[in-house]
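Read from first to last, the chains carry the letters A, B, C and D; within each, the first residue is number 1.
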């Protein structure tokens, strides 16, 4: 029986997590590199600077939107990786594909910030979100198929992971369809969807171990 | 009883720490990318180069100031995360908001470096510090509320974490109020506040385990 | 018996892995920074934007190719590091040399994207791949020589690691030789080689511990 | 007895290591961003491209020099952190100062690459190396003073760490003094010093646990 390279390659979840954190960190930080400081020649008063910064604000909103998108997918990927007992090179490649889509986000955000009224820019942005969601979905199916998911994770939780991806993608697709009316409406709805995901705070769940003996302050 | 996605998402403190370290590392390093080497055409002697570097020095001071600010907040966040038994998606989102403010620091630093005499640039910089402090404060309250803080941390220490944030914010606000007189005075006082935090060296506290049997050299 | 610095330096595999993940993450993300958004002045209709994006597509293919290359070498390095019991400063320096070649990939990719019909650009790109493969090969030989490889790794697996590098290098060299006919042919074959490595999915191997008791969904 | 913030802040060696790896990774990768691809307008033949790349080679040498410098200091810092039982906010700040000098290296390298014959550029580069070495030296003294060094580290090893820094700094200073004759000579000697540190391979030391039962291949 021969040992093949593929049998021993890419088995570290920790390394995959570390590469992912690095790529997310760079992609999230580079976004703001595109915010250019107003040129000194055109600014002579506080009021000029104020107006220049106001003109930057749509860009800032776009970057905030992408920051939230990346935050959502970072949490989604983390949730999967937290529940794996190990990795596998097939799974690693699915995640590398996912990370390629992450690394392209700054470009697509710049595109949308420059062309907020162009459907093509919006559709390119949305297609990338479809790739992100699709890769995460495939990763989870692959992990289940390879028996890499922690046995203590309930089937209900496993289903919840898949359902979440499908629901989110359906919502984003609905938002993008609005672009037949107006791309601005699409962008506004996407931001609303993301804010609702971010603020889906549920304080009902308490950490189960160890519960604090007394209320802390 | 159904399992929801929110019950299993974002529970890794390690991943949150790794993403944070990545974003801080990129933000801190990108700062210095804005230091442009003097153009070759304008430099003909050692003296020309010296003058060109002297002209860069205010920018360098501004970057050093932001590097210290980011260092202070990195330590502040680390201190919180070191004392958690686990994370939660609500807590993760508070930290992602904190990291957004971190990622914006290079832009606001550039703005202040270009417009050191404009109150608006100073106020924008300060507002971001308020967001950083506020997010850290909320994170700690949220972690206490969710029972995620290690039980061995004394209530006094927990209070010290909150008091530190409030004190620092009060000092920064005082410094910014000076801008009615002069923005330069504000910047100078902010730098002094930060230096005093950095050099708040207390050699009184010795690491408790293991104490060195004999002096080492 | 004196203790020398070299006896205690560079022994952490974890730090080496973390630096590597950071450099790979930055190199992989910076690639896409070179994709410039079409200039606003030249775009007046959706059709203009479409054509501008189509013109960008060869660059995107080149970046995808490099992303795959870096993914392949990241997996290759990870596979080695996963099987080490410790590091050593000699080994660390071989990996730092490897990382230098990684950090140069964005430059060489830009060069090839700008000059896709120039043999020199292709040969420079390929030489860097030779350095990447050579450094990995030397690292493995060095780790074996220093007794740093986990004893449970079978000699067959160790041989598989070396064989994989030699095979891949032979294939890349064959592809580059095609440039006497056409550099485009070379690039196409390199992409095909990489895709075949990426999709070398083998679902035959199941994770051995713990096997899932029942199929999950 | 009150608990102060300083008593509980900055105690994680892992976080310090992770931030350091991130900053080193970004600094090392950004270096190569400054290598600009020759402008398309000026290149019409393979020969033109060859000449343009040859013109880039001094820059490449400078970047390789800095990559080695950063590699040397990364190993030096790692060696210290590997031997700590914990951190402390004073120690953390010394390392943050060290990291500031790391983050400035790309700027100083660009400066030296643009002005290789200017003593000022060389002295600025060297002063930064002095800061890097000095911060590392202080860090080690501080760690010893705070009792944070692992007790199993022999005093001889501890001395070796300090001696190494002093020796290296003496050599660099000697090299820089050569600039009264020629800055090129200084740069050449610095590169030689670094190469000798990199290739200070000592295969005499074998990993002590676990020794391989049989020679591996």
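By definition in this document, a residue touches a chain if its C-beta (ideal position, glycine included) is under 8 Å from a C-beta of that chain, and two chains touch if they have at least 3 such contacts.
Just so it is clear, the structure is predicted and the values come from calculations on it, not from any experiment.
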- The chain whose C-alpha centroid lies farthest from that of subunit A is chain D
- The pair out of B-C and A-B sharing more C-beta contacts is A-B
- Message: I'd like to know which pair from A-D, C-D or B-C copies the A-C interface, where a copy means over half of the contact pairs are the same by residue number.
- Response: C-D
- Item | Approximate Å spacing (C-alpha centroids) for the pair subunit A, subunit B | 24
- Message: Taking the mean of the C-alpha atoms as each chain's centre, how many Å separate subunit B from subunit C?
- Response: 34
- Query: For subunit D, which residues are shared contacts with two or more other chains?
  - Reply: 18, 21-22, 25-26, 30, 159
- Would you pull the subunit D residues touching subunit A in the complex into a rising list? 22, 25-26
- Query: In their complex, what parts of subunit B are in touch with subunit A?
  - Reply: 2-12, 15, 18-19, 21-23, 25-27, 30, 85-86, 88-90, 92-93, 96, 99-100, 103-104, 106-107, 110-111, 114-115, 118-121, 124, 144-149, 151, 155, 158-159
- Using the touch rule from the top, collect the residues of subunit C that touch subunit A in their complex. 17-18, 21-22, 24-26, 28-33, 35, 37, 40, 43, 46, 49-50, 53, 64, 67, 71, 74-76, 78-79, 81-83, 153-154, 156-157, 159-161, 163-164, 198-203, 205-207, 209-213, 216-217
